[in-house]
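Below, each structure is written out as structure tokens.
First chain A sits with chain B, and in the next complex the same chain sits with chain C.
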Partner chain A sequence: MTEPKPPEDPTWLDIVVGQFFRRSLSVSAALGVLVLWGLAILAPVMASNKPFVWRVGDGPLQFPWFKSLFDQIFFENGVDLFFNTLLVALVVVGPAVFLLWRRSASLPRRPRTLRRGWIAGAAVGIWLVFLGGVMAFPYQAPKEVYPLLEKSVRATGQEVLAIYPPIPHSFRDGDIGRALQPSSSDHWLGTDSSGRDVLTRLLFGTRVSLTVGVFAVALYVTLGVIIGALAGYFGGWVDLVIQRVIEVVICVPSLFLVLSVASFLTERSIFHILFIIAAVSWTGPARLVRAEFLRLRELDFVAAARAAGFSQPVIIFQEILPNALGPVLVSATFGVASAILVESTMSFLGLGDATLPSWGQILNNGRSSGVWTMILAPGSAIFVTVSLLNLVGEGVRDALDPKLRK
Partner chain B sequence: MTRSSQTALQLGGFLLLAAILLVNTRQLDQVEQRLIALEGKEPRVIEAPTAPVAAPATASELLPWMEADNKGLSRNAGEVLSPHTRRLVTATHVRGGTLRRQFGSDTRNLNLYMNNSTDGTEWARYYNNRLAYRGLENPDLWHPELAISLSTPDGGLTYRIELRKGVKWHKPLVAADSPGAAWFLRDRELVADDVLFALDIIKNEQITARAASLRNYFEALTSYRAIDDHTIELVFKERLTSNLPALLGDVEPMPRWLYQYDEQGHRYDEATWGLKFNEHWYNNKGIGVGPYLFERWEPGTVIEFKANPDYWGESPSFDHIMVYTLKDQQAWVRKFKAKELDYTNLQPEQYRAEIKGKSPPWMGDANVTLSEHPTLSWFYIAWNQARPLFADKRVRRALTMAFDREGLMNNVYNGLGAVISGPFPLQSPCYDQAIKPWPYDLEAARALLTEAGWTDTDSDGVRDKVIDGKKVPFEFTLMIYGSSTEYETIASIYREALLSVGIRMRPDPVEWSTQQKRQQERDFDGYTGAWAADLEPDLMQIWHSSEADSPGSSNYISFRNSDADRIAEGLRRAFDVSERNKLCHEFHALLHEEQPYTFFFQRRTPVVSWSWMNELEYQLENPNRDNRRYSFREARP
Partner chain C sequence: MIQYALKRLLLMPPTFFLISMVVFLLLNLAPGSPTETTGAHGEGGTSAGASESLRVFKEQFSLDKPILLNTRQWLTAVEVKRLLLATGAGSDAERLDAAEALDDGGNDLVPHFVVLLDDPEVQAVALLRLPQAAKLPYMPDHRGTADEVRLRNAVVEAHNAEVNAWRPANLGAAELVTRWKDWYPLHRAEYEYDGFGERVSDLVLDTRFARYWGNLLRLDFGRSVIDRQPITPKILSRVRYSLSLTLVSIVLAYLVAVPLGIFSAVKRESRADTVITVLLFMMYSLPTFFTGTVLLRWLSVGDPFAWFPTGGFETVDRVERTVLSQLLDVGWHLILPVFTYTSVTLAALSRYARAGVIEVIRSDYVRTARAKGLSEPVVILKHAARNGMIPILTLLGGLLPLLFGGSVVIEAVFGIPGLGQFLLESIGLRDYNAVMGVLLISSVLTLIGIFLSDLSYALVDPRISFD
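The block that comes next holds the complex of A and B.
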């Protein structure tokens, strides 16, 4: 006879997640964001001018698409390598992670959290090693423009087997003779002024926007949380100095600061843009965390921790910080949306990375050439993404608010 | 913590902020201008207070002062100037009103000798005069403007200039109650010293920018002095073909009583006034003796001129001229269609959208006139030969052969121009029509790169070579003019072509002012640019090796070639037309072989104007338009 398992007390996280799922609008927005991530990760699967399978006559089977996936000359921006390795890692490690995750569900809470932490850590580790390996060993993929090659081979009377992704265009290679074409069955959204397929660029632009959003926010939240925690915990001189620095940073209008910093830099890459956004935005989370720390450091559990002889780093980062993160989480979710907007603005003004297929850049091209599809498509993409993220942000905010519990 | 220490810290914070703002001001300016350009914020248009009056004019009829000039020309032996044959504005027109035009980027300043780009000389046509003007029908002739006589008794070594009397300087824009007002606001007449001061500026080694790039044209000028208030004598040590065009085309009177004085009216130290001149307090305003008075310049927004009631010569056609700074090329057409501009040139994107493949009435309005103007400007990509990547001529030729000039010409520039193979305009007899541009041939480019030692040893897709014991990959940055979308398109096409031959290129779009600064500091791998050519070619400024090390000169790419030096020097001494052409052709062939630039194309500019404008007369000159000739056919509705 076994004792029935006692029901577990819901943790804070369980409550918040449960609350979030009761808000259907936010949940659908979160699904939308997931779809965007899917689009970003699967971009080369959907659009590439390299065929998955290629065979001329009775020749050997070739797989140019797979070869091109880690070509650092073609995918010269770190963003694309990041997503391409993520794609492969998901396919290879994803199912195993999923299975292990499911199996750990039967464990009691403590070992389950530990187990899942290990699984997630190992998965990310494998992916990072993979990414590092890819970046450490550059190689080049075949440079042929396959659709053209196919035509010329067929002209010689040979059989060609070629299976392309649904959109057989590359986001880089343009045909100058086919610039600014209107929408057609070949180019659904037409071509830009260099003759590149706009739909493909839009797809790959998703990667740019999401990367900028997530990484810029991760960067400045980390920075802001550490600085704010120090200011709030120690107070006094430390607080005073940090507060003055924050005041200096926030009294310059942030768009102007971003644009002026950008015009200092030559050869801006997407990483510069991340750092620029982070450099002007860290003050928000810093001030939130500082305020929380000022409140929390007076509470009994901190006094208890001090009495127990915990070191200061342990008290700050293990005891107080987890309790101070709620407001930061909300501001971070909204921050992703605003970071995406800032990046689009910079690219639109020509201050972004000139080589990236970012939405702002497509918008600018559309504006200067007066082609409507090139204005509407990236414009709606920005609108939808930012709206979805803001809806998710609202959901998180409400879910964290005990007064709004449903 | 004490209260005073808190205050001190707060003060420190604000000081830090002030420092940041100070450093950023320049950049912020640029950003603000960008935003203004996009928003299309525009200043108030000042309409003429009086209604335009019809001014009857017939083409053949000369003005009294022209007749007088013509009579006087026979006085001196060895006269260089030719009699006037027509007025500037010959069409029947109405005088008055406001001419509204546009310029695509901000001007650098309005000091003629401190502004290197052609727009500086263009503004000076409004507010200043030269010694003589080029013939409108025959550009080889010079007619009297400020000089009523220019004679050379010994055939080209000594020149005597007689200046027109009664020409009044504009009043500088200084407040009447400012300490310097008593000095600056005096009535002043044009005297010989004002011309000598221009020569002082060109000869002063401390002065940079345009003065520095003109300096080599005046190397042969050994002495210049005023004989009396209206007579000047110049002595050249050698007869050079460049002497006369430089004297007549590049010398304009400059007021010593302004540019050698500080704002309070105190004279600068004789030894260092040149340094002060570079940053002179009046550089953002213009002053001269010309038909229009400089009124104001709001950076990023407008330059305004108004008619000079005391002008000595042919009355100006307009009461006001507004030159709007419109960086957004879309705005040119938008504002033109809204009749907020009287005429505008069209960029390729706009030409494609508005004109290409369509038929009149243009833009759906029968009152719009379209004309196409040839230009003397030619476009190129420059390679910095001081950098090891571009030191080999085979590499430079490969870079040219990977550049699909014909395709870009036809698709990006809509066929409005022609691909060139050398450094002269196609209309010029100097251009050797037998030399065809290098073909667009990626295979040949690959072969040339391999031959020059650039191979992909680590098979990462980018060619590399061991230079000074270090393996260098062939990667470079191409500086492009950021405000124009054509350049971005060109760069993105060129980038892919270069990649396919194993070269990695990054485009770097920059502001015009930044580009000029980096060119002068030689801080670039390559850049896209254009030269506005002169009718009489002179090769010293851009190509002579002596210019390679001189700061502020125009040999930005550090091109050094002894044959080029020999031809450039020879051309200055060759007065015979066939000998000149022979030298030019030799030079053309040499540059075609060396490819210090990737020569791109020469452009035709489409211009649209409203029916109330008289036909826009076109003259082959640098800068290409003498806008004083424009006039209103009828009052603007």
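The block that comes next holds the complex of A and C.
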């Protein structure tokens, strides 16, 4: 016998999500961002010079593409390993997670939240173990240049079975003899000054931008929220000290500082760039959270939590913090866009990670060689990404604003 | 209000001190040093001439001093012995590090070297290093009256000449050891610390940071490590380029943004407003380096048009020009950079202006103004717009550092030799003093800008009080 379920009261999050979904422009922008993530994760599926399947004559079937995914010599900069393991993890555990997630929908709210927490935690855990394993055991795939190998094998009269991704080029290794070629059916956007396929680099550049955007923001928002929460909750001399530190960081001209520090590092990696961006940006969320805490800590529910004997960390992080996160959410969405801009500016000025196919770096290459495709393509990519993120940011801001509820 | 302003003003110097410390630490702790880019390093660094010029270079720019705290006074003879032994063993990097630590140690090492003369293991190396380590620094001009400085420096000169002659190349080891041992007790005072005060002052003041501040207090940003010229005139000579670019752009941006914002707010949700909002939104998301590159390529380089100069601030030739034609020439060069700069600033400002006016239009007093029969233009321009502009007026304070620093990106794209370019060039050459100078001046301006915009909030809106 099944009783009709009473409708659940919407939580604050439900309302905000609902509000967001009523804004069609923001929803399409959010979809656009999802597509960008898809492009980033699937980049090697679309562009790689390693064939999915490779077989010479009656020899054994080989899978060079799959092997190359974990090659730390080829994918030298961490970012790609991150996305490649994410790709494999999504294919392996993704369907299971999706099914479990769907099945938990029938549960009442509290057990459902708990169950979904477990599912998400387990999925991320599996992926992180996988990533850690790949990082811990450096592996080098066969170094063959397959398109050339294919030609030479065919010349000997042997049958070759080779299935390539749609764009059979590498983002990293170019043919210097074919530098700065115009658009053709082989290279849709031409090649850069090192003979690398521009479209492939553009595609892998999505990974760089999204990584910088998301991780820099995650890093500085976490830092800023903790610092701001402590300042706002404790007040007094803690607040005074933190306020002075914030003031100092705000007054240092951030782009100047970012450029100076970046150029003084001899071997810049994308992680340095992440940390530098985070180090100058954490003050924003810290100030927002501090202001919210100053207001919230005087409210009755905090007094109630204290009377109930909750410990201070519980009061700060479980009771007050969720109520203070609204403004931070908005600034974080816009922050992703500006972090992406800062990274591309750095790469454009030649102060980024030189091994990365970053959009700014491609644009710089286009500027110095004067090739239109290499200016317009990365520029539009940055423009579209930043626009989409800003649109999502506006949607989040409006959805959080009670005055604008529809 | 005045109390608040005073409090903020008093907090400025300590904040500036902290900023200078943070920036200084970041730049000095980052790997890479000016000795690598200037060639002062000397190839291999082994020949006597090369190592001497490196030493002079480091001394001149205080690079032989510790960065923030000088703890060399607490070195023990055992540690010094370990360093001496390390110069002869281990990997190249370890040997060079140990040698550098000993070279930089200076006077603080002398007592330990003298003690170690009894140790046969390191006696020879210690003898080799003693003449250099025992040299006393000259007294800088600003430390006393001219006579005091002259007297002291004469003493130092004689002292240094004496110890300089005592090299193992000139005299036998046994002879040298007895000479140093007889000599040291007489000159103990120059090398050892008497009392707590001297130790503390050495700990804090005998450092790179303290020396930098010593100069800074006399408004001296030091000299460039590249050509040894003072930094301050270099910075001043670049300011006019940045200033003309930014000043024109910001004035233009305000002139366009304010009417555009008001118009957009009054006609909100009309077709015109939608078009303006979308356009501004797109301008807001366009990166300046992209706009700049496209404009330059499209309109200057001749691909397909060559209407504007390809870069620079003015035509560089020997032709005499009248003031007017020179102005026209500069204007000609600045059209594209100013357009690029204005488009970004304009987008942000206009959005603020629109939001500000919309906020005000909804308020009761605007309804009252309409109700009492005022005409629409009067309501909007006299009542609504004035208050709606408060947020973007207060933004002006934040633009102060931009006025001075210009835009690194736009200056780089259009080849304008302003301060942004100067900063880029200097960081490429690892010219610490130049980078520090630019960073510090912009931080002072940021401090003042934030102060002014906070004050202007209270000035334009009497309801805000900071007390």
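The definition used in the following text is that the second predicted complex is superposed on the first by the 403 of 406 C-alpha atoms of A that agree within 3 Å, B and C clash if a C-alpha of one lies under 4 Å from a C-alpha of the other, contacts with A are read in each partner's own complex, and residues count from 1 in each chain.
Criterion: a residue touches a chain if its C-beta (ideal position, glycine included) is under 8 Å from a C-beta of that chain, and two chains touch if they have at least 3 such contacts.
Source: prediction; values computed, not measured.
Undergrad: Is A:Ile73 touching anything from chain B or chain C once the two structures are fitted on A? First, second, both or neither.
TA: first
Undergrad: For A:Cys251, using the defined touch cut-off, is the partner it touches chain B, chain C, both, or neither? Pick first, second, both or neither.
TA: both
Undergrad: Quick one: is A:Phe383 in contact with chain B, with chain C, with both, or with neither? Answer first, second, both or neither.
TA: Touch status of A:Phe383: second partner only.
Undergrad: Is A:Leu349 in contact with chain B, with chain C, with both, or with neither (first, second, both, neither)?
TA: A:Leu349: touches chain B and chain C.
Undergrad: A:Ser185 contacts which: chain B (first), chain C (second), both, neither?
TA: In the superposition, A:Ser185 contacts neither chain B nor chain C.
Undergrad: For A:Ser368 in the superposed arrangement: first (chain B), second (chain C), both or neither?
TA: A:Ser368 sits against chain B, while chain C stays out of touch.
Undergrad: Should A:Asp173 be classified as contacting the first partner (chain B), the second (chain C), both, or neither?
TA: first
Undergrad: Who does A:Thr156 touch here: chain B (first), chain C (second), both, or neither?
TA: Neither: A:Thr156 stays clear of chain B and chain C.
Undergrad: Now for A:Thr266: first (chain B), second (chain C), both, or neither, which partner does it touch?
TA: After superposition on chain A, A:Thr266 lies in contact with both partners, chain B and chain C.
Undergrad: Report, in rising order, the residues of chain A that make contact with chain B in one complex and with chain C in the other.
TA: 244, 247-248, 251-252, 256-257, 259-260, 263-264, 266, 349, 367, 370
Undergrad: Give the list of chain A residues in touch with chain B in this complex.
TA: 71-74, 76, 138-140, 143, 172-174, 176-177, 179-180, 193-196, 236-237, 240-241, 244-245, 247-248, 251-252, 256-257, 259-260, 263-264, 266-267, 349-350, 354-355, 364-365, 367-370
Undergrad: Once bound in the complex, which stretches of chain A touch chain C?
TA: 244, 247-253, 255-257, 259-261, 263-266, 337, 341, 344-345, 348-349, 360, 363, 366-367, 370, 372, 375-376, 379, 382-383, 386-387, 390-391
Undergrad: Spell out the residues on chain B that touch chain A in their complex, using ranges where they run on.
TA: Touch residues, chain B against chain A: 1, 6, 9-10, 12-14, 16-17, 20-21, 24, 27-28, 30-31, 34-35, 38, 328-330, 349, 352-353, 404, 407-408, 411-412, 456, 458-462, 477, 482-483, 485, 488-489, 491-493, 495-496, 499-500, 504, 506-511, 514.
Undergrad: For chain C, which residues count as touching chain A in their complex?
TA: 11, 14-16, 18-19, 22-23, 26-27, 30-32, 281-282, 284-287, 289-290, 293-294, 297, 301, 303, 401, 405, 408-409, 412-413, 423-424, 427-428, 430, 435, 438-439, 442-443, 446-447, 450
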